[in-house]
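Shared chain: chain A. Partners: chain B in the first complex, chain C in the second.
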Partner chain A sequence: MIEATELAQLKAIVRESVFEEDLEIHPTDHLVTDLGLDSMGYVDLTVKIELTFGIAISDKAIRAVATFQDLVHLITQTKTNG
Partner chain B sequence: MDSSAASAPTTCQVARKINMPQMCIDGLSENWLFKYLGANHWEMLCRGLGTDSTHLQNEDGERLYASFVRIRMDAARAICAFRENEHITLNGQLQRYGNEMYFSDFAFTSQADATKTIQAQLMTIFSVRASSGNQKLLRSEARQSNAGITALKTMPAFGQEYRKIKLQKLTSIRLKGHEFVLSDAVLFEKEYRLNPYYDVNGVGLIYFAAYPTISDSCESHYFNTLHPTGKRWEQQYFTLARDLLYYANCELSDTIIYRLNQVEHVDADTVCISSSLYRQSDGALMARLFTVKGLSR
Partner chain C sequence: MITWIQQPAAIKVGNDLVYLPHFEQSLTTPFIRKVYTAEERAYCDRFRDSTLRYASTFAAKEAVYKAVKQWDSSLTLSWNKIAISRERIAGKPSVCLLVDQEPPVDISLSITHDGDYVWAVALLSARSTTSTQLNA
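Moving on, here comes the complex of A and B:
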């Protein structure tokens, strides 16, 4: 699991990546269809996550992410596995 | 011939002389300039990745192509100021954002007259063909290590603006001090049949440098028809600045629809022009072009 502060950071990153400061984000929200992330947004999201959480995320792994909770799961897994 | 003195793989410093192949009607060819900037961007990219272009592949072994996303050029004086036999220097550097976006900055300057200078920014991503055609290009990343290319910590405004416009979060851009409000109004429309001997690059895609030429060709038809007597449009107005946002490519068998969206004469010598290119087959937007042209006296 990631901590509450990290979850808040992640939501802020997603909001920045879709240029929506006040966006409500729910765990089951789809990054593309619900939150409006475009293909270049995935690149932006990846870089911001890597810098904020100090992890490396592969292109394949981020492309497999569909929902916000998938993203949380990916970060948790990546942090755990190193 | 170019003489190169680059100090690092992702920088370039090139000197050359402008002659007829680099020129078109009454001055420097913008089409050649775009190709020249694109080639130097591409060379820095390949040097940074430690490979040549034909060996650029993604993890699945698919050939990668550099897709131009956005190009902006801003000339201190209209490009017709560059003359035959003029010696120029091109300085450039390339950086990346993440593993997929590459940004270069260039200065193209006359060696004899520093007031003749053009600043340019280019942005590319890598793409693969999703089918045998040109309509479906998918974003991808190189399997070669990009550790030799300086990584940016934030996406440059140049890329952010492109995304915001595409996502309709931004409705205007500024170029050379002029504001261009995005418009889909149609003042004039013209079909353009692709010229495979000129508009297509070595891998069968519409060359990014062909887009402004196609636009200029159709645009001149409009202005020359509007003012049928006197000097031709192409000999009166020359590019001062251009911002080109790319969205799609097309098949050679397709036809391009040019749309003139806005024309604003901001003063006696300067005109701001917004135009766009579409695929006829499915109506897809291929590019938006924002251009500032100056009257040559």
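Moving on, here comes the complex of A and C:
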């Protein structure tokens, strides 16, 4: 799991990537259909996560992410496995 | 390594719309490094309005990605493996997939922009079903 502060950071990143600073984010929210992430947003999100968390995320992995909790899981897994 | 599985002859389409004011905010150096090839960067940077060129190239890449996904949903191409080039400055765009095995497809591209939006369309046509199976 990621820590509460990291979760808050991640939510802030998602809000930046969808250009909605007041967006409410729930674990089961779909990044595209609920949160409004577009193709450019996927790249923006990936770049910001990599810089914030110091990890590398493959294009294939980020493209497979559907919901916010999937994104949390991906970051947790990447941090664990390196 | 990607293995291109022969599919029945078909035409698939992909498109992408980019909103320039948002794109401009996202276009950072790490973004450019992740998405664009050296040749694409050199092309876009030749223009005073390089953001528009980066946006049109991005829209083209995404349109190609979606067309390829329609053709074979198991394939996921990285952004920097879809290389967009022009025959001359502001000329006809074309695409080269930077993968180990050339896919048995032809892809035609069209890009346009108006005001704050850039739009690209990719039309993919799979070659005949009798051609050779390409295995990794």
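Keep in mind that, in the parts below, the second predicted complex is superposed on the first by the 82 of 82 C-alpha atoms of A that agree within 3 Å, B and C clash if a C-alpha of one lies under 4 Å from a C-alpha of the other, contacts with A are read in each partner's own complex, and residues count from 1 in each chain.
The definition used in the following text is that contacts are C-beta pairs under 8 Å (C-beta built on N, C-alpha and C of every residue); 3 or more make two chains touch, one makes a residue touch a chain.
Small disclaimer: the values here were computed from a predicted structure and weren't measured.
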For A:T80, decide between first (touching chain B), second (touching chain C), both and neither.
neither
In the overlaid three-chain picture, which partner chain does A:T5 touch, first (chain B) or second (chain C), both, or neither?
neither
Between chain B (first) and chain C (second), which, if any, makes contact with A:D59: first, second, both or neither?
both
What is the contact status of A:G36 with respect to chain B (first) and chain C (second): first, second, both, or neither?
first
Answer with first, second, both or neither: which of chain B and chain C does A:T46 touch in the superposed model?
both
Intersection of the chain A residues that touch chain B with those that touch chain C
19, 39-41, 43-44, 46-47, 51, 59-60
Given the complex with chain A, which residues does chain C contribute to the contact?
16, 18, 22-23, 25-26, 28, 30-31, 34-35, 58, 62, 65, 76-79
Going by the contact rule set out above, which residues of chain B touch chain A in the complex?
59, 97-101, 125, 139, 141, 153, 155, 159, 162-164, 166-167, 169
Chain B touches which residues of chain A in the complex?
18-19, 36, 38-41, 43-44, 46-47, 51, 59-60
Tell me, which parts of chain A touch chain C in their complex?
17, 19, 39-41, 43-44, 46-47, 50-51, 58-60, 63-64
